[in-house]
Amino acid sequence: MAIFGTEQKPVPQTNGISLDEAMRVISAARKKAEEIGVMQNIAVVDAGGNLAAFAHMDGAWIGSIDIAKNKAYTARAFDMTTEALGAISQPGEMCYGIHASNDLKVIIFGGGIPLVRNGTVFGAIGVSGGTVPQDIEVAEAGLAAFDNAS
Amino acid sequence: MAIFGTEQKPVPQTNGISLDEAMRVISAARKKAEEIGVMQNIAVVDAGGNLAAFAHMDGAWIGSIDIAKNKAYTARAFDMTTEALGAISQPGEMCYGIHASNDLKVIIFGGGIPLVRNGTVFGAIGVSGGTVPQDIEVAEAGLAAFDNAS
Amino acid sequence: MAIFGTEQKPVPQTNGISLDEAMRVISAARKKAEEIGVMQNIAVVDAGGNLAAFAHMDGAWIGSIDIAKNKAYTARAFDMTTEALGAISQPGEMCYGIHASNDLKVIIFGGGIPLVRNGTVFGAIGVSGGTVPQDIEVAEAGLAAFDNAS
Amino acid sequence: MAIFGTEQKPVPQTNGISLDEAMRVISAARKKAEEIGVMQNIAVVDAGGNLAAFAHMDGAWIGSIDIAKNKAYTARAFDMTTEALGAISQPGEMCYGIHASNDLKVIIFGGGIPLVRNGTVFGAIGVSGGTVPQDIEVAEAGLAAFDNAS
């Protein structure tokens, strides 16, 4: 099937983070979540903001599946943590209202962190399932695994 | 934070498939995809139809991210393969139009397969990134890994 | 193809701003953005609120693509700057909640400015990618290019 | 404003196609459209499927603005022309129903073409505003401008 076959597909290219790296980030985040006893949803997006990998820990909130993905999207979309974006998006602040934009995928509380290496953004991690400080702690563990691999 | 702390969350429960099983299914599907040389998106949903795990292989179609997730959703939502659903959803057939229902998450071509053990549906796998026959082949490799673990 | 051919289409009409003007506005805004060292998304809508032209500067936030377009839409939709609309849309103010209306395309922080000439609105520019003051500065440079052409 | 200032932004990176390249593609497509006397909407997306540049020619259908953008998205999302995708997405064919997926951004008639150089996809062009053969002709002119620059 010439128009559809793999023989015609372009050379594989990673769009920022590779699957192996994304899986390593998720494993590190999951390990931290188990250490602190919180059931988390963990998402990684690539440099294009597209989902690279995802894991729903057993018993984690199903309502947080979307939030984890959207935290990762947001952190890449604006190249900052969702916590930092949240600080400038409260009522009366500079970006108030941004949470209703971008097809409702913008999350303005902590748990989304860009995955940066040598000043370049390769993607982002988003974690949701615990308190916001717990989500941030787990996301930072994922980031550390990405940094250490550089 | 009593209303939010982990101490008040219910005992973790898997809703069908566990994360470890979902990851094993994804690994087996990925291995098959590498064998046949196709870059795939691979999704697993649990018994509630919610995303359990996901992997985007390097260079796989970004447009197939949603389709893989939706194939998995559809296979669990109707407890049949998306191929079987597709056969009865063509113009003039019994379920024509169903692809526009359920918030547009219903996929009616092959690549989504329920994950069944001892007659119980634990979730489903959805694969998208190659031709439909390739997607089915990879999804079946994932199913086999689930079956063999029983 | 008589029902579809260009021979049956009405005489081309610009709906406010022309493409050439929109491109000139975008070029001027881009030049300002480069001067102040900010990577911006720059959108221009016509008098009907429809997208006339768009440019994503290399490395600009991908999350600001939608916001730039929506700032331009908003500025034309209400014939005022998004900054002015934002001032009356905070909690407790007259238009609180408007950011959730109009299919979520209403942006209530600065960076969207109507393109006005001789008292008539020809369209609007929306800029997103920097701080709000930077976005406004760049949008004003685009407006100046439109004014100067009159 | 430390958390938001450009001084903290990562190194600018093009995500596939650069703005200058996207603008060159649009100019070439526009020139072809003028030659054949059709008012077109012309969109270019980057390797992440995000909008890079857009132009609405004076008098072009406003209903085709979205279609042009979605053709470009589709061509990148599946790394094939929308014409090729359409051939396998008719009733009874392998991918029937795909037009209802991916948040309704999948277009299955001609006018969307991947922008490929040395086997790598840098983005895609989408054109809408004329007959499908006209849209394809204009999109191919855009592609030629991208190829020639290599």
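So that you can tell them apart, the chains are marked A, B, C and D in the order they are listed, and the count of residues begins at 1 in each.
As a working rule, a contact is a pair of C-beta atoms (placed from the backbone, for glycine too) under 8 Å apart; a residue touches a chain by one contact, two chains touch by 3 or more.
For clarity, every value in this text was computed on a predicted model and none was experimentally measured.
Taking the CA centroid of subunit B as reference, the farthest chain centroid is that of C. Copies subunit A and subunit C of the same sequence differ in orientation by 90 degrees, per CA superposition (steps of 5).
Inter-chain spacing, taken between the CA centroids of subunit B and subunit D, is 30 Å.
As a whole-number value, the distance joining the C-alpha centres of subunit C and subunit D reads 21 Å. Annotation for subunit C: residues touching 2 or more other chains are 62, 131.
Arrangement of the chains shown, judged by which pairs touch: an irregular graph that fits none of the line, ring, star or complete shapes.
Taken pair by pair, the chains that touch are A-B, A-C, A-D, B-D, C-D.
Subunit C meets subunit A in the complex at residues 61-64, 66-67, 70, 86, 89-91, 99-100, 104, 106-109, 131-132. Subunit A makes touch with subunit B in their complex at residues 1, 4-6, 9-15, 18-19, 22-23, 30, 37-39, 46, 48, 50-59, 62, 65, 130-131, 134. Touching subunit D in their complex are the following residues of subunit A: 3-4, 8-11, 13, 15, 46-50, 79-80, 84, 87-88, 94, 103, 114, 116, 119-121. Across the complex, subunit A meets subunit C through its residues 48-49, 73-74, 76-79, 91-92, 94-98, 100-104, 106.
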